[in-house]
Amino acid sequence: MQELINRAKELLADGTVARVLGWKAGDLPYNPEPAYFETEESLKDFVYNGFCGANLSKYMIEASKLEGKTLVCLKPCDTYSFNQLIKEHRVDREKAYIIGVGCKGKLDIEKIRKQGIKGIESISGAEITDEAETLTIQTIYGEKTCAYKDAMLERCHVCKGKEHKIYDELMGESKETKDADRFAEVEKIEAMSPEEKFAFFQNELSKCIRCNACRNVCPACSCRKCVFDSNKFDSAQKANVDSFEEKMFHIIRAFHVAGRCTDCGECSRVCPQGIPLHLFNRKFIKDIDTFYGEYQAGEDTTSKGPLTNFTFEDVEPSIVAERG
Amino acid sequence: MKYSYYPGCTLRNKAKDLDEYARASARALGFELEEIEDWQCCGGVYPLGTDEIATKLSSVRALNQAKEKGQDLVTICSACHHVIKRVNDDMKNVEDIRTRANNYMQLDEPYEGETTVLHYLEVLRDKVGFDKLKEKVVNPLTGKKIGAYYGCLLLRPGKIMAFDDPENPTIMEDFIRALGAEPVIYPYRNECCGGYISLKEKEMSQNMCQKIEDSAKGFGADMLITACPLCKYNLNKNASSELPVYYFTELLAEALGVKEEVAK
Amino acid sequence: MSIETNEEFRPKIVAFCCNWCSYAGADLAGSSRLSYPADVKIIRVPCSCRVNPMFILRAFEKGADGVIMCGCHPGDCHYSTGNYYARRRMTLLFSMLDYIGVENGRTRVEWVSAAEGVKFSQTMNEFVEKIHSLGKNVRLEDLRCRS
Amino acid sequence: MQRIGVFVCHCGSNIAATVDVKKVVELAAKEPGVVHAEDYQYMCSEAGQAKIQEAIREKNLTGVVVCSCSPRMHEATFRKAAERAGLNPYMVEIANIREHCSWIHKDMEEATKKAVILARAAIAKVNLNAPLQPGESRVTKRALIIGGGIAGIQTALDIADAGYEVDIVEKTPSIGGRMSQLDKTFPTLDCSACILTPKMVEAAAHEKINIYTYSEVEHVSGFVGDFTVDIRKKARSVNMDKCTGCGVCQEKCPSKKIPNEFNRGLNNRTAIYTPFAQAIPNVPVIDRENCIKFKTGKCGVCSKVCQAGAIDYDQQDEIVTQKYGAIVVATGFDTIKLDKYDEYAYSQSKDVITSLELERIMNAAGPTKGHLERLSDGKAPKELVFIQCVGSRCSDDRGKPYCSKICCMYTAKHAMLIRDKYPDTNVTVFYIDVRTPGKNFDEFYRRAVEQYGVNYIKGQVGKVIPQPDGSLLVQGSDLIDNKQILKKADMVVLATAIEPNPDVRKIATMLTASIDTNNFLTEAHAKLRPVESPTAGIFLSGVCQGPKDIPETVAQAGAAAVKAIGLLAKDKLTTNPCTAKSDELLCNGCSTCANVCPYGAISYEDKEVNDHGIRETRRVAVVNTALCQGCGACTVACPSGAMDLQGFSNRQIIAEVDAICR
Amino acid sequence: MRNEHSAAEKIKEISGTNPLKCMKCGKCSATCPSFNEMDIKPHQFVSYVVNEDIEALVNSKSLWKCLSCFACVERCPRDVKPGKLIDAARQLVVREKGGDYLKADEIPELLDPELPQQLLVSAFRRYRR
């Protein structure tokens, strides 16, 4: 991390970049937050550890409008989002100095808590230089340990790989974390009866409080004004009366990002209610892969997205009923 | 290459030679006919009634056995081929028949028309290749003028049998050429010999068979070949018998030099 | 708010028809007097590619029991390619509806040309029958919209 | 709030017999925004239109809903009426309570209920309508004709005579088309070449007509009034300016064994050839696939014998790009392939021929110099059998479901001509029905029977059986005598079904013109707009639209010309205002919409915007309304809802959905 | 007396064909090798079913003269396939008690030593229940 800070200072000093977009420590040991650093001095607060899950690429939409270049730290999965934003003309490549930072899997404090670890005072073993094998947690009840793997975000278990798709320079080591099938959860739901499916989603979505955290964090949900906030569809946000309304919101949101969603998993990470929102996006990704050939949004900056493309031989919508 | 093989009742009995020549030739050509176990008679005619299941089950059993072995199913007798091929088509494409047949059969896994049904001639054409066959011929039948008699069952209905052009087939002629003989094309080669009608209405069959023979003779044939025991019977019994009628497998065995083997 | 009685179930069915083929096909069904249930109400759109999945969800939210979209046959789109986009959009939407437990068959896409009055009427008859077999759409209706 | 008037049409009893129109009026009047509602016998009548206009003026209506027949029928009528009364025409919407309601429902209560809902949906839509102003686009005063047969020639002549430039693009080396292959024409029996050749010459000589033969349309872009077309002029290998048409090259060409397409392959031609003697232009082409020079590099005889030095082996294909205001499709037809009909022994006997082949045999310039003879042995046939409906009226997948229309008449013609020229030859026609609707047509057919003794047998033929002696045995039905007959024949002629030129699908796709399941181009209205494609600026001439004989083709060609002239005569066109429109404050500039636009109508501009006080330069989508055809693909692709379609806006459609589901 | 309407419906059901598609071209009769032996000709079969004159059909000689050679099925341009209708009518008869065309006791005299099994089996299927 020191290496990263030193490099950032250098680039600030020689004027290559006007600011640094990274993370700074939060009020707790496990909640660092995205932050701009405009001086070498301010970089003392810079952190980069296992809890820096936030995808900074979306911040580059605003940063692209600022004077001068912004140094942005992107994890491998964030670079997909950045590419997708380039494709959609939302970020300016010339305004970004990308340091591709290594990643050993990002952590989910909820998973630590679920293991019964409470009253956390500090956590060690999550630094980027650490082996990412074990976390040692000081709590008011004494020291606890937890396997790094068991504390990882769901998305890291189905990681797309630790290769950066776009960068100016690379820094820090990575470690492969993929140990699960990306579509296993989706397949589990697909195998359910309609009644079970409905019950499953009704249960999950009834938790939604329409806080819009998912929308705000999503790099694909970057519309200047969301359709749910405009009067274009008579669909402006309404009071939360019934969960069906929420279902529409999440389906429409997923549809709007279909073919553009890189599966970065931020929606699920930030949901305060713990709704597995990525299950909608991943369903679309799975269907797109099955019906139209494998497609990974953000893999490049030029290919045509699956919903702005077609072949004469595409499957008919009746396939949905036919495959039963 | 191994194929499941459905001989049918006539080839076990009155048309033994049709079967034996076929097996001997297969050996010579390097493929094997593995007779399926406990096959039952196909019924001889395809039950046209869309509401009949029982009469289709023996075919389904044979088809399913081939499926379980992962082999294509080969037939020789035109009637068996016709019945099994059409039942297979039903199992593949007619939901009602498929459901009812499967309900009745109670197989481990429902049969849905997965097996490919091939006529022996199709094996020669599509799997062995007539060019390859030609190379294997040791006694070319040079100078023989042979009329192919197709009859109805191999060709029609063309869409389902998908054997050859139902009005202008070429497979048997190509076969004849491969054996070194000269095919004689005559217009009655796809007209009916009378089939089972000869049991009770001999004159009708005689009328038809005579036309077939006359036409073939008129175009210069000195013999006829067929794949069907009933056609052969009718042509022998119900025409003037001026042209000898052979099973195509007999000429095949002869050309391949394995005829003697069978005679023993 | 009315109380559900034992009245015969009359489904609400929205049919989006493209102006060039399917709407004309529906007109032909009409001028050929090929009947289909009055439960089907047609909304004219210029092309099947104008049909936003939001319209379909909206219809369900407002109490529709079935939504069918008709367009020109692939290859025959008046705008060349519109129905190809529509086909992908609807495939994904239908798959998603299936995924969240909406009964298969509440949505349908059928390609109907201007000459296919018979097909239009047959399709609508079939679709209404299907919706009858599925019954009222309770899963997606926004309950507040019942009057 | 709108002030809406609702007008419910009885359509005589068409609507009123099934829909309680009074009830519709009563309930529509209660809908929000409705200030006036009435019903009338015939809204489309002048009196009906006057009622609408009166209400617009007196009640200051801002919107109109007409509950009547399909908008495809009278939307334009009512919109024009409203405009004359000072209302923006796009404030009028139609509720289709005839085709979609009264005509398909029997129960009055049910139909009325539905009519009310349809009216309600239209009212909900009009509440959100906004006045739209059509834009203008210019008209290029030049027409393109695709296909140089009689249809294309006639259309070209009529348009050129009106004073407009016309280009004909013909795929083969000469104009003339199918008609140039015919010998005589029914029902007057005049010689086809004698009436066609002058037209060909006239077209070639016309100062306003430019003919591209041996050329194909390669690409079409643009829209009505302003099409841009790329034409590929295939390399002829002969310099058109130098060639004198002397024909020596064709005499000397050593590659002589190429099936002659013009004679339907019944004889051979050389590699350098003009298809027929009267060809226009009279300049040969080298068929490169069969030319020895092109195949082996050796030969070059034609070049050596050409005194004009016109042979050019290095000639390349050339692309000509030209602008047109109107395009007429006149791609014609061919006969179907008969390989699926071998019960008629077409591929088994040389003496079984198609009618078009018989035309060539009968023609003095044909393979037999006009002598009726068997192709197998050159003998004159004594017994001739015609078989009708070969591939026509077939609902199986072998043939065509339609009647080819011309066969009954040309068969009568052939039969008559043969009986006239060869009285010793007996002619038998197996027919299913004899269809002769046309001026002097049935009289013509009766003459064949009564005066020329042609034997017509009602019944189809099951099989043609070649005999060892070279004759043919025709096994057919005689349904009148209820017999199966065996007829000995020397020659059998098959009245083969016709089908649209196989290229037409490709051309239709380029033109975005719709096509039916049989590959005939679709007309804008089966009865009222039979020579126009639904795609503006595209017109239909001849058999590409449906089977036709020559007089019908010529009539339709003239009609297509008039429609094209009507377009070319305008200086400006008003464009459809129902185009896409981007809300620049909502636009992300993401290019998703442009990716799905089939017309390239969307571009991006960096624009200074004022978003609630925030001034900034943004990349935003801009729609070219002259290019936009209003499909709406972009509106769904747009994630933010910035792109909307005027006349079919998101809110309008949602209002309809809500009204229906209410 | 059977119910003519339901018998006609049954024939349509068994055969799976729609006789209304017939355009009366006569190609079936032109094709049929047994035409001369038939009292009701193949093309007439179609109109008999349309007109629900089933009594005449089931009593016709034609039922037992059809060879099931599928020539009419193959060549019918309208997908009516008269051969299927004839077979369906035959089914109707043989499914009725005592309707067999071939009686067991007449078989021995019909046999000859060369006769293939196939012939007997086929005839049994076509002629008997």
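In order of appearance the chains are A, B, C, D and E, and numbering begins at 1 in each one.
As a working rule, contacts are C-beta pairs under 8 Å (C-beta built on N, C-alpha and C of every residue); 3 or more make two chains touch, one makes a residue touch a chain.
Quick caveat, the model's predicted, so the values are computed rather than measured.
If chain D is ignored, touching splits the remaining chains into A, C | B, E. Listed by label, the chains that touch chain C and also chain E are D. Judged by contacting C-beta pairs, the busier of the interfaces C-D and D-E is C-D. Once the centre of each chain is set as its mean CA position, chain A and chain C turn out to be 36 Å apart. The distance from the centre of chain A to the centre of chain D, each centre being the mean of the chain's C-alpha atoms, comes to 54 Å.
Computed centre separation for the pair chain A/chain B is 65 angstrom, with centres defined by C-alpha atoms. Multi-chain contact residues of chain C (touching two or more other chains) are listed as 52-54, 58, 75, 81, 85, 89. Residue numbers of chain E whose C-beta contacts span two or more other chains: 71.
Within chain D, contacts with two or more other chains are made by residues 343, 463, 596, 637, 650, 654, 658. Of all possible chain pairs, those that touch are A-C, A-D, B-D, B-E, C-D, D-E.
On chain E, the positions that touch chain B within their shared complex are 13-16, 33-34, 37, 64-65, 67-71, 73-74, 83-84, 87-88, 91, 101-102, 110, 112, 114-126.
On chain A, the positions that touch chain D within their shared complex are 65, 87-90, 222-227, 230-234, 256-257, 260, 304-305, 307-309. The residues of chain B lying in touch with chain D in their complex are 159, 165, 167-168, 185, 187-188, 215, 218-220. Partner chain D is touched in their complex by these residues of chain C: 12, 14, 19-21, 23-24, 26-27, 29-31, 33-36, 38, 41-47, 49-55, 58-59, 62-64, 72, 75-76, 78-82, 85, 89, 113-115, 121, 145, 147. Listed in rising order, the residues of chain D touching chain B in the complex are 339-343, 345, 347-348, 397, 463, 465-469.
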